[in-house]
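Only one structure is covered here, and it is reproduced in the block below.
Chain IDs A, B and C follow the sequence of writing; residue 1 opens each chain.
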Amino acid sequence: MKFHTEYLTFNVPGRVGFINITEKCEAAVATSGVREGMLLCNAMHITASVFINDNETGLHEDYKAWLEKLAPFDASPERYRHNRTGEDNADAHMKRQIMGREVVVAITSGKLDFGPWEQIFYGEFDGGRNKRVLIKVIGE
Amino acid sequence: MKFHTEYLTFNVPGRVGFINITEKCEAAVATSGVREGMLLCNAMHITASVFINDNETGLHEDYKAWLEKLAPFDASPERYRHNRTGEDNADAHMKRQIMGREVVVAITSGKLDFGPWEQIFYGEFDGGRNKRVLIKVIGE
Amino acid sequence: MKFHTEYLTFNVPGRVGFINITEKCEAAVATSGVREGMLLCNAMHITASVFINDNETGLHEDYKAWLEKLAPFDASPERYRHNRTGEDNADAHMKRQIMGREVVVAITSGKLDFGPWEQIFYGEFDGGRNKRVLIKVIGE
């Protein structure tokens, strides 16, 4: 059984942004030598997501506006108790729950077994600092 | 180590619908011969979900109404930038994030290791065309 | 290849509550003897979640208020069709979709491969009865 572990680091300017990490995941599968198995890719920080969706800029803008409506940024201590601790990122902890922490992708014949439009994204909701993403490949 | 891969195809009439795929996942476990391991089941399209919840028609109607409120269908280019590309399904990309892309289920003693009410559903949010679901079983 | 399966039981008073189960997951990894692999931890009930986020009481209160706003409790048969079946927990089935059913965590060098703040929580949305959580560890 083969295992391969990689850590990616991102520093996204601004509060919210999306980065396509599909190629990095594909490279990790190639490095691992796994032909059949699974890839786990997850944010290691709790105000960020890894998710699979469309590589379309307009949709990403839609996601930003939609998440802002569902869980508005508000640094004041009134709306969110978490922001009474000195933090200002309670909204980011909520946005991350909507978009998810991780994806698990099948590996078949040495490739990520994807539908036609599936792409893997890192989603940042509290940017401006270094944050890590984990890739774990297991299989044979 | 054993691996088994299957692809299901669905064509759901209308925009939104849910299909119980539990038996198909159970059959994949039986075919695989895996006694201990994991099953991954994911939508291969980015306007659809695979999720685990209750096999109750009223609840499914509730989900439809709730998702429509959180992310309304609107084909016009005003509300969603994605729909300026000629698409009309930005809402479906959002509904899918709420309901999730995939489930990972434990296999114990050759069976899906489920609680009393867990059932696996395909969730369609932009129907009327063929779409695929992947099942990957790994274990021993 | 090694496999280890555990079931935890919780009985959360009130409707909604969060329990930190990180130590129980760490103990399962230690018991399994797995050095490289993955841990799956999922709610076995469909009105509960397992999720990874911050061990901060104020944030948990924020989650409760936010989920109540997105999917309000309403036992009456008017708002939710599911509650025409004699149930009163349709809201809990929705809250669970936002927070998710399961987490998959990498195991590296015999430990959960976590970022600095990642903690695993059981999230209850329809408490006052015994409910189970599954932990499955696979690897070598």
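Methods note: a residue touches a chain if its C-beta (ideal position, glycine included) is under 8 Å from a C-beta of that chain, and two chains touch if they have at least 3 such contacts.
All figures in this text were calculated on a predicted structure; none of them were measured in a lab.
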Between chain A and chain B, two copies of one chain sequence, what rotation angle (nearest 5 degrees) aligns their Cα atoms?
120
Is it true that over half of the residue numbers where chain B touches chain C are used by both copies, so same, or is it different?
different
The distance between the C-alpha centres of chain B and chain C, rounded to whole Å, is 20
Identify all positions of chain B at which a residue touches two or more other chains, and write them in rising order.
1, 38, 70, 98, 100, 104
In the complex, go through chain B and note every residue touching chain A.
1, 3, 5, 38, 40, 42-46, 70-71, 80-85, 90, 93-94, 96-98, 100-102, 104, 132, 134, 136, 138
Can you list the residues on chain B that touch chain C in the complex?
1, 36-38, 51-54, 56-59, 61-63, 66, 70, 98-100, 103-106, 108, 113-118, 139-140
